[in-house]
């Protein structure tokens, strides 16, 4: 069953008189119990896409076109009230941990309770407290945390609280937005392990957004690679990571220590992200692509299916051979 | 690794740490008051002129009068002796003696402190309530138009000299419209008693209090407004919106509580300065307050009265700041009283 | 240069910043070309005493028959100088003390912080008042005293800036290459950290103009010059029957202070685009 | 002047037909400041002196025409040699607390004044040898040498009779100084009104003393409402909150005259505005008499008067015409003549330099609109003859320090009360006089002053004072500008104010005031 279907979605920001093409014509599906990793550099549009799915875009952003079917409903067309009804009940998001991700002057428990008050108003006070304790327990936090203020939590605890908050209403689909980025390595490992376990134990369908392809390889079964707002490559983890087809995917992997051949040197990708406020002709990655040809600069490559995956590149065949 | 208690929790907040905190703050306030007093003592005495010469005036300033008075008040003694004497008096709770009025400084101050506090406290409280409320109201409405009007008004009021506004208020509301009396605290033609007297007093309060309110309000409006805008962009707003907390509740329960904190701090400081904070307004409205007493003491070089006022003012400000810090700590769990 | 242009762009994208700058330019033109703009000499007496506004006297005349409009035009010079010099002195002292206290820390920092705290406990206006009342009211004194008593807020801002800048890479590199502390302070920290002080100074200019006006109200203005505050004070006794003598100087005072507030907010906006112009009180 | 005369006539007219005084009511007076205390004799207290006359009485008093009139003393005699003054007190006068007033109170009061050097009347008692009370209603004062102005000073400042029974007290065995007596806050006097309350900074309330020795006052109550700001006082007056504006600014007179129902009465006072030259300081150009005359010729008193002072009259001589017997109309001030001024300056060795100025001087004055206006105009006028004037404005304390003590100025403007007797000239132009800021010193003037003060023959005294004025006109240590006009502004229903009751009550006694409404 398809939990999430993204169909030709474009999202734009209005900044002054200009428009930023943050997400451009992206399509892919997420099946039940999939854990999809959405990777890309900062500015690649992955967070915009995630927030788009959650309908949490800032006021200056809008859906240019496309539709997003989440659990069968097109959330792009949904009214704000309706969104509020489903979001956090059927699906939710784990925000990047930050000191201000929760109101600093309200207790953690009080803010977690909001999610229950809104989506399960029939529960009694006791039942709500019980549920909060349970979810905290899921992320291995003591129930004492209920009475604490956000600033009294360590970084790892705060991230666990954010996860617990996302899970409080037993959602079917969860997005982890850079859920481990701001943590130290040890904590990062712990949290990753926990996410992995939770996804398994709770039979979650999930999307993990990260710029760290290493994280993806640990917990995902599918990968979507984005660059400059466009989907470059999408497919099963082992295919995309171990047999990358798109030149950008390759370059991305080369910039991560975990995916280097012995003796190979880590390499950055030369050049900068293109200016997203300008209409783009050709492949977004072309200016930085070692394989780029004339056609890459004049026409936008359509995603093509290559086995189980989708790749948007004219040079797929050639790349495959190298 | 299990999540152990964070460091902040090792020392729970309890009565004894609170007492220690208060004592420490009081000691440091005492040091500050001492410094302020010393500096003021020497500035005042370094100034040209002395109370006795001024008392003698220029109509008939006889040298005998001046010398006799200097001797009587000990102004002929070395300055350092006067200083030590005054400071030791202060420690014993004696605020000094007014050379001009021949009365203890405290007696003179005590007669003026109530009218001043009635004026400044009501003015500041109204300014705080109205300024903050206006900011909340405007932000809540999300009307660009309303926001522009409120903010332009606040800019203009902020830029208005208080004495000028006071003069204009009298011109408009007393002289032209005849709604309110020009000055003073009571209608002296009638000797009202009881509730009528209270109403009469309120009637006299309207103009000075409104003037003070209008002058102080912009600060509260603008700080609160800026703070709300800042808070609306905070991440917790995104989190709570995502959860589904309705806008209304989000604003009323979360944003306001976060956004009001800076205004409370400023309110505390304003209250601290309230003893003499309205001197110019007191002059224009002939309000018998401390500000006027103080200006008078400055112009007459009434050394000990002035120092007494300064002492009280510094004390008032210190205490107001301590209380403000405690209140803020109660409202904002991030602040620890250390 | 590009950074500066970006700064200007952000500044002028702020409506209040634009309006403030516009008023400010107008006032500067009035001050610079006062002899050309003003139809009369500011102190020229005439027998037209307390004449209402007319074609001959745009804003009427005062009790000595002086042209109110001309006096306001010349008064711009005084009010702007008061703003600039007082806020300039305040900024200079504030930056120096703030940077030294933040950079060296330790005992110096302790002492400076205590001094700043002590200033918090004195109503600054009364301190200025006492000094001016007691030592004479010449314009330079007034500006100096305002500058000398309002630097703590600048010092506080500069200190915070220094604390954050000294941990930044370029400062650390400079230090490791053996640049002298003085050079680091003057060429790295001050130029990079002074912008918030500049924004605060714009607000202080308005404050200085108000302070001068209040001193004039108490009769402590410089008698040799024509300032708006002095005009208000002199007009006070005539206000009931010659409103133009008090209303116009008052309006210009408000206008100038509003302009400086607008500029201050514009600068804040350009410096910290996220915050909608938060004001340091 | 003509206008004024018509006005005075109208007023007299109105008063003549006003009819029987009505009883009752409250008179509210806008008043400029708080008294220092209600001890009327202890200190110089200009604010208090306007109120003391309602609560206390003197042996003799001054009315608004500066005549000595009876007060507690019904009558008095001065001996032939001018050394013995005998006063006969009214009988049956009671203090507000019911205690009878006797000569013992008078003797005690005067002894206090004599033993307190800081008391303002002390200096006038310097030549007093003894104060005695032969019986309960007689007081005899003996002088060491004749002192003509004694009676005038006795009627003027700081000589109110105070209650011995309340002030002659001891605490822990030692006498309590009159400055520290609790009754200074709660006075008991013999005047027309009893003290009710003093809310500092707001008002002083008095109520009538039905047993007052000049008859029961008409008013029930009198309230002095303290309004420090002249403009606020004016608004309060125009709005009917007060009946009498005692804090009126000259600037407001013109308009007030046009308001229906408002009486504006102007009365020449024995006080005058003048400019002092620093004749003592060698480096000041005004050390040279020629330069002083040049300045006098350069100044246009007429303009200064018209713009800065407005009411009163332009000064013509060297003493106040308000005390006519001592005023010498022939001692004239140099006339306005800028050409002559320029010539004198050239002769004195001050030619115009390249910038058009001859020299620069400072004109020091103290705060206040009239001083600022006067100085501004003087500056403009002297500018025209090439004298650059720098203005320095100080609040009173700094002014005293700078001008009176340090003599650090070239020019200064001031005013001064010239009465109640021309003997007052001693402190203004006598060598080392307390307000002789000019540093003027003339042996001749000193001798004449000394002589005139010690004889009582008015004719002879007049001659001596005339001579003094002639010398002043020659030496020109001062440049008189204008005579001060006292202003009285009140509602037309207020009748019988002190200025209307000259000869009956003292200048600050509201016993005969009543409200016609």
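For reference, chains read A, B, C and D in written order, and residue numbers begin at 1 within each chain.
The definition used in the following text is that a contact is a pair of C-beta atoms (placed from the backbone, for glycine too) under 8 Å apart; a residue touches a chain by one contact, two chains touch by 3 or more.
This is a predicted model, so every value here is computed, not measured.
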Discussion item. I need the common contact partners of subunit A and subunit B, sorted by label.
Written reply: none
Worksheet item: Of all the chains, which has the CA centre nearest the overall CA centre?
Response: B
Discussion item. B-C versus C-D: which interface comes out with more C-beta contact pairs?
Written reply: B-C
Discussion item. What's the distance between the Cα centroids of subunit A and subunit D, rounded to whole Å?
Written reply: 91
Response to the item:
Between the Cα centroids of subunit B and subunit C the separation in whole angstrom comes to 23
Worksheet item: Cα centroid separation between subunit C and subunit D, in whole Å?
Response: 44
Discussion item. Averaging over Cα atoms per chain, report the distance between subunit B and subunit D in Å.
Written reply: 40
Discussion item. Residues touching two or more other chains, restricted to subunit D: which are they?
Written reply: 229, 231, 235, 238, 395, 397-398
Worksheet item: What positions in subunit B touch 2 or more of the other chains?
Response: 47-49, 167, 171, 175, 299
Item to complete: Quick one: which residues in subunit A touch 2 or more of the other chains?
Response: none
Worksheet item: Among all the chains shown, which pairs meet the touch rule set out at the top?
Response: A-B, B-C, B-D, C-D
Response to the item:
Per the touch rule, the subunit B residues reaching subunit D in their complex are 47-50, 53-65, 67-69, 72, 100-103, 108, 111-112, 115, 167, 170-171, 174-175, 178, 181-189, 283-289, 292-293, 299-301
Fill in: Of all residues in subunit C, those that touch subunit B in their complex
16, 114, 117-118, 120-123, 126, 129-131, 133-135, 206, 210, 213-214, 217-218, 229, 232, 236, 239-240, 243, 246-247, 250, 253-258, 261-262, 274-279, 281
Worksheet item: In the complex formed with subunit C, which residues of subunit D make contact?
Response: 229-231, 234-235, 238, 249, 251-252, 255, 303, 307-308, 365, 367-369, 372-373, 375-377, 380, 390-395, 397-398
Fill in: Touching residues on subunit B, where the partner in the complex is subunit A
1-3, 6, 8-9, 234-236, 238-246, 253-254, 257-258, 261, 331-334
Response to the item:
Touching subunit B in the complex, subunit D uses residues 26, 28, 36-37, 42-44, 46, 116-120, 122-123, 179-180, 184-185, 199-203, 205, 223, 225-229, 231-233, 235-236, 238-239, 241, 395-402, 404-405, 414, 416-417, 427, 434-435
